[in-house]
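Note that the chains take the letters A, B, C, D, E and F in the order they are written out, and that residue 1 is the start of every chain.
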């Protein structure tokens, strides 16, 4: 994995020699008639605008969005926002030994551990129809994508392996619900959790950047998943019709309300549990990320967070005594 | 077709000798300890409660909801609502020559004419992929159901052949939109209209009464149709991915708003046109039915209609001059 | 505990000799001029209307709502609803050996086990300020009420000890959230869970029936709890101001949205977790109760449940094969 | 009509010699103390900011917003937005032969054809009272304005003759509805369509720019039209009171919902039809304009369109095969 | 004014000899075949159902809804609701000396005093245009209706002279607002208050019962008033256009929000003041009426009041000490 | 009080020698590597950005936000927004004779007069419990804050002494309501008005700038006030429980709707009156301020005002005749 200083850690005026992912590029003409390049570049910590004034013709002729580049640059500021002034730039070659995934944020959890956890959950299901269905849906190619896709573009678990991490959290919460209520249909609930956001493998692109596909915008991950369940269940002889409809119901209703784009609302206890487990996993991840990343100077508050409809509070650290936070943990 | 006086046309005190559809039956015990039957019976004009006090044991032993029966009865009233007092009742046999469809309301339009209109619309499509897809979806059994299913349980086109009538209206309106805007994709729009409510063949039962199926409640007609389009398009070699996604988008978004249970909102001009054509057909049918059926004595207003969120106005007929209505038509 | 057949298990026409709780009583005059009593009586399974036509004068003179009575009666029906015809009635005396709690529904969980669980949770907190605060709030009298109070009047955990059961469920879910996110302030979160609905001890009456107090309607349990936390924290020297405000914030925001009567929305990750843990515990209890109690004959659906905004699905039991439900559990 | 290159077609760095409409002008002082002019200029394709640094004193002394000017200029860019640097500027005179309407967008449909269509519609009405009312409302001056006014400031049919084009579309859709439902009062519906947005002639200014009048903001086009119908109907002896109220009802309710500023909701089938015909005409025009004008580079999606609450999809053109679009039309 | 015991004060079983207003009448047939009358009768305290079993033929032949009748009757109860059993009934004649207004609730305030107050307010306006406009609108016939009309059908000031009482309250509150803010246009505000609900004279019938007219339902009092102001202002030479538009704006916006059926929202300080003065007068009247009329036995709470979206609290009277209420007044 | 030209009255290019309040300060590095200061400064008319390029090191070493400074500067413009170029800057000392309150907007009403009015209102209450409670709450330190705190950060009465002015307005309106309805509990209502926004003394900081405290954001002024009332009422022997609950209810419900952050809605006539009196005072102050401060050149309309959801109309002054406004006042 690439080891270099993050662009979010540079100060204005510093020089950088960095591998970066080229996400946008355009040639423009200045007032003086001089041509220059404007680019958007990203590393794992985020994106930055860049300008290049001289010597870019050769590079520009072969440049493509999605390409990894090596740049020599100076960190500058424009209208209060950081930007790069690029002095030299070239596409990387094999000897640079960098790959796309070096430039996209990824889950803090260990991937292999998560894969193992996920596989065991499936193996521990009792209902053979559900096991067969899940195995049919997750052929090798699909599983590869599913393990990599983020859970979203920006709000929660918005990083490589994010959907896997999110799904495992949901399952943990669902299992607690089953411990409380043994009458819940545990297999149905866990299968629903595994498949609820599965459609995101077709809804999102995540190879070079996180964005929606045309299909994602026109159909949405919820219906994509429902279609796939129906298709694969049909391939299994004697898959119970009721069970299939219940599973599709869990997927369709998991956003809980029509206005959140679920075409049906939860009509079974299992659907209600899945809805709240999903919300709890998503929101706690999102809020904790905001607390970690959005501290504003000395303030105890982040900026206004649109999706939370509020600023988030970051408790002050009490320096005189033991940190109250630490003393609160067991 | 059955020819008998409608239950809505009897007065309290009249006797009736009628074929009726038995939709509910229960045996109860009166305060005195005497057993009696309570039933719900329907003919084409609606449903009525019924009581039977004596001589029902033999009938009751073999009675089943959904059965057609012959009853001798007197029209009575209970708490201001009409009810039947049944004197004699028996299941019908073949020689009675009555069928279930005699007891369900049906479209006023001629069925064969509608079928012909519908078939010609499909034959006049230009896009061979869409034609093939529609033909694959409408195998004989499915077409039979599609021609019979009502467009809904109660509000608009809530009668046998209702979906077909509704669909033809929508197509007529969509064609007007295409005349205004030739840049609309006419084939896509018409295919979307044909398929938009197609899922109702699985969402509703309509053989003996109009009601929702379990699948209808758990999944809904919108996603049922999307699943079927995907399944059948896959069987066609080279069906364009974009076209399939657009068609599914039209079906998914045709209720126009998330809170109306569409999982995506319209994102193409064709989707917007389909949404409003559907609304116009549904609401004008519903309001005109209300005006026809809900006049309250001399009042110019119906009762409050919940789905319209208002009472509906019924213009008075001007008796002195020519009816203004007639004079207004060209 | 009282051992008698539940009023919900009697059939029309049966005779009963029962202890019941008198919740309403009124003397009326029939059209004929004859006086009679109308009463509402309850046992642990619910309430029933009753009429008494003769011989009630002595009883009526001393009758009070909230009194336990012994009745000889016949089960009857009026307008389709069960009612009792009372032949004899008298107040109970000590030798009857019945108490009010025999007539109110109560949690299925063992009370002592729940008390122990609750006490251990508090003893395992690390933050001494929070432990002291909780102990100050829960003096003996308050603790007694807190252990008895239902979590609500009708929707979820609406039975004696319901709040305790509900609180323990929330804590279990919160602990799962802390396992997933060790950076959550576990002590704060658990203290918030313990106190979030604490105000219900003053919001509700639950000795003879479940209803709101004047204070409950005018102020509400959320603000009642906030006031008590402030009051008791003040009595503790050096209780950190920030911690107190955070704890009150968790209580105030635990209904998640202003329109659900929280005067502030969640602004901390812990507040978000508490909100969803509360929702999950409440809704899964409510839906499972509905499934258990509201099955309608052979139907796979309950009646429309207003608070769920839908009918609830009750999966059919597959009788030919192993019950799918059982086979799904591990 | 003026024939010159549109300002939206110039590249940065090009020189222009153009007639433009001056919509705003202000003199400012630069940091250096030097005075300069900032202006907003428009042609038929939109507006652009402009700066003039020297030699503007004579012009400025007589300049007025709404004046047409001839400018010599260079196309420049400021903060990523195009702007003009004006070298010379003068008011036009008669010999320039340009008029205000050269600078405002206008309908693509032929005006005379639309006028003829509109006139024939009125002549074909059967109800003499409605014909007389419409003729009274549309005196020569009013008709002139009505034929010119846009249907709105920005969203749909926002160009000269836009209301006329919009109205004719609505009538076409309403006629289709009458073909489907002969029981609709066709004359009432068409009169309602003609008058529904009539108040916009007083609500909007459109001579030099599109904006709201004070009266438009304080009262709105809906009530303006209602007032005018009442006033003119009173001048007709024996105009039926019911017909007048129905017509005003159609105008008042044509935005369909209270929150869309209709003071009453539709309470007649004709009012419902008019509402949806208006929506369909407005939205299909708006979406098709967006598709035509807002394509973003290679993307299949426009930017987020606030009034549509989504980005709009623009299907890709399939270049290898026949354009799918063409092949779809019959 | 009629002096007789109110129907709300009779007990079941009592006999009555009363003048009542006949608001509905229908002949029905009992199960036994016997004909009988069902009627709705009202006095000043409300309405009651009635049945008459014998000897009604002569009366029925000439009976008309809206007629005043003399009845001999017994107070009875049906399904828990009071009803009358009528023994004899006849239309009143002149010698009975009763009039319709004896049977409708009316304001507790003295009519002449209110008229004087209202007239003085107008005479004290400074703006001669507004004075002339108001005088033109209130010709003798209109003034008569305006002084009598209730402010609504049921919720607030729902009694004869109610609009006048309501208007005077609003003006009193507006004057307080002008005392606080001398920069408010006092004449405009008071004229707006006088005219804001003026349209109710055409929206409501109130001679024999309180109900909506067809015009009231199709157009509504807000637009009716706007039309009348425009019409009458046109008759005044030189009435300032801006002033007229502002006055109409106040009337149109006085319900404050689009969803409350105002077609524009308040856009002037005076419009905002009028909106809140109207709300305060309406709601305080409504809540105080509820407190006065809806006490439920010993309870401190009324039933749930739909328009208030809550039950209303009625403070208990402290009997031991001085009534807290009295001691609170100065 | 400080007497100097307001920063909002300077033109670009002018020099200033001004006392200003330093509300933000940061050192930055320009592209050239040169360090400079960016600051935010305010006087009584508002805030302005400032840059300082040279000679700021000594000042910067001791600068603190909240400090008053003396600056020599030139008024400049950056991206269309005014900014200051600071040439010299120093902290003030005692001999400058300026205080923080010179830089914050304050009520136009005389403070002593308002204090007297407020004190008399309390002394004129009849209920000795309420008088004692209010006196306990307003100890000297609290009263000092209460007299100074603004009623909000930006929208209405957003200036020093604003809450006091706002409260007195509300009381005036409440007294009018009591004049209309003598059955209102006047003492309760006035005590509610005095305390309704009392919590703002802890919710807001207002010494150097107007902003929210942590406690204000986490708990809010409504619950802060409720807590204080409970605390202080407990200190009074025999304070009636009902009265306390009613008073807290008025405070909690004074924002009228749950979605406006009131945890209960008004359930007493007095609570309804307080709600509307608060709204009327707040909105009329806000709208009148907008009219006074936001006139845009010659336009009769302000910019769009987000909190009013509209632009506000400013009637034109008629210059030819007497000002209509003046002629309208009596």
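By our rule, contacts are C-beta pairs under 8 Å (C-beta built on N, C-alpha and C of every residue); 3 or more make two chains touch, one makes a residue touch a chain.
Just so it is clear, the structure is predicted and the values come from calculations on it, not from any experiment.
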Each chain counted as touching chain C and chain D at once: A, B, E, F
Proportion of interface numbers common to chain B and chain D (over half same, under half different): same
Identity of the chain that, by mean CA position, is farthest from chain B: F
Chain pair repeating E-F, as identified from A-B, C-F or B-D when over half of the contact pairs by residue number coincide: B-D
Whole-Å gap separating chain A and chain D, where each centre is the average of the chain's CA atoms: 43
Inter-centroid spacing, chain E versus chain A (mean Cα positions, whole Å): 61
Shared interface positions of chain D, touching two or more other chains: 79, 214, 217-218, 242, 246, 249, 267, 311, 313
Category of the chain touch graph - line, ring, star, complete, other: other
Chain pairs in mutual contact under the definition given at the outset: A-B, A-C, A-D, A-F, B-C, B-D, B-E, C-E, C-F, D-E, D-F, E-F
In the complex with chain D, residue positions of chain B that touch it: 124-127, 130, 169, 172-173, 176-177, 179-188, 240, 242-243, 246, 249, 265-269, 272-273, 276-277, 279-281, 283-285, 287-288, 291, 308-313, 315-316, 318, 324-325, 327-330
In the complex with chain D, residue positions of chain A that touch it: 28-29, 31, 33, 79, 214, 217-218
Residue ranges of chain E touching chain C (in the complex, touch as defined): 11-13, 76-77, 300-301, 311, 313
Residue ranges of chain E touching chain D (in the complex, touch as defined): 214-215, 217-220, 222-223, 226-227, 230-231, 234, 241-242, 245-246, 248-249, 252, 258-264, 267
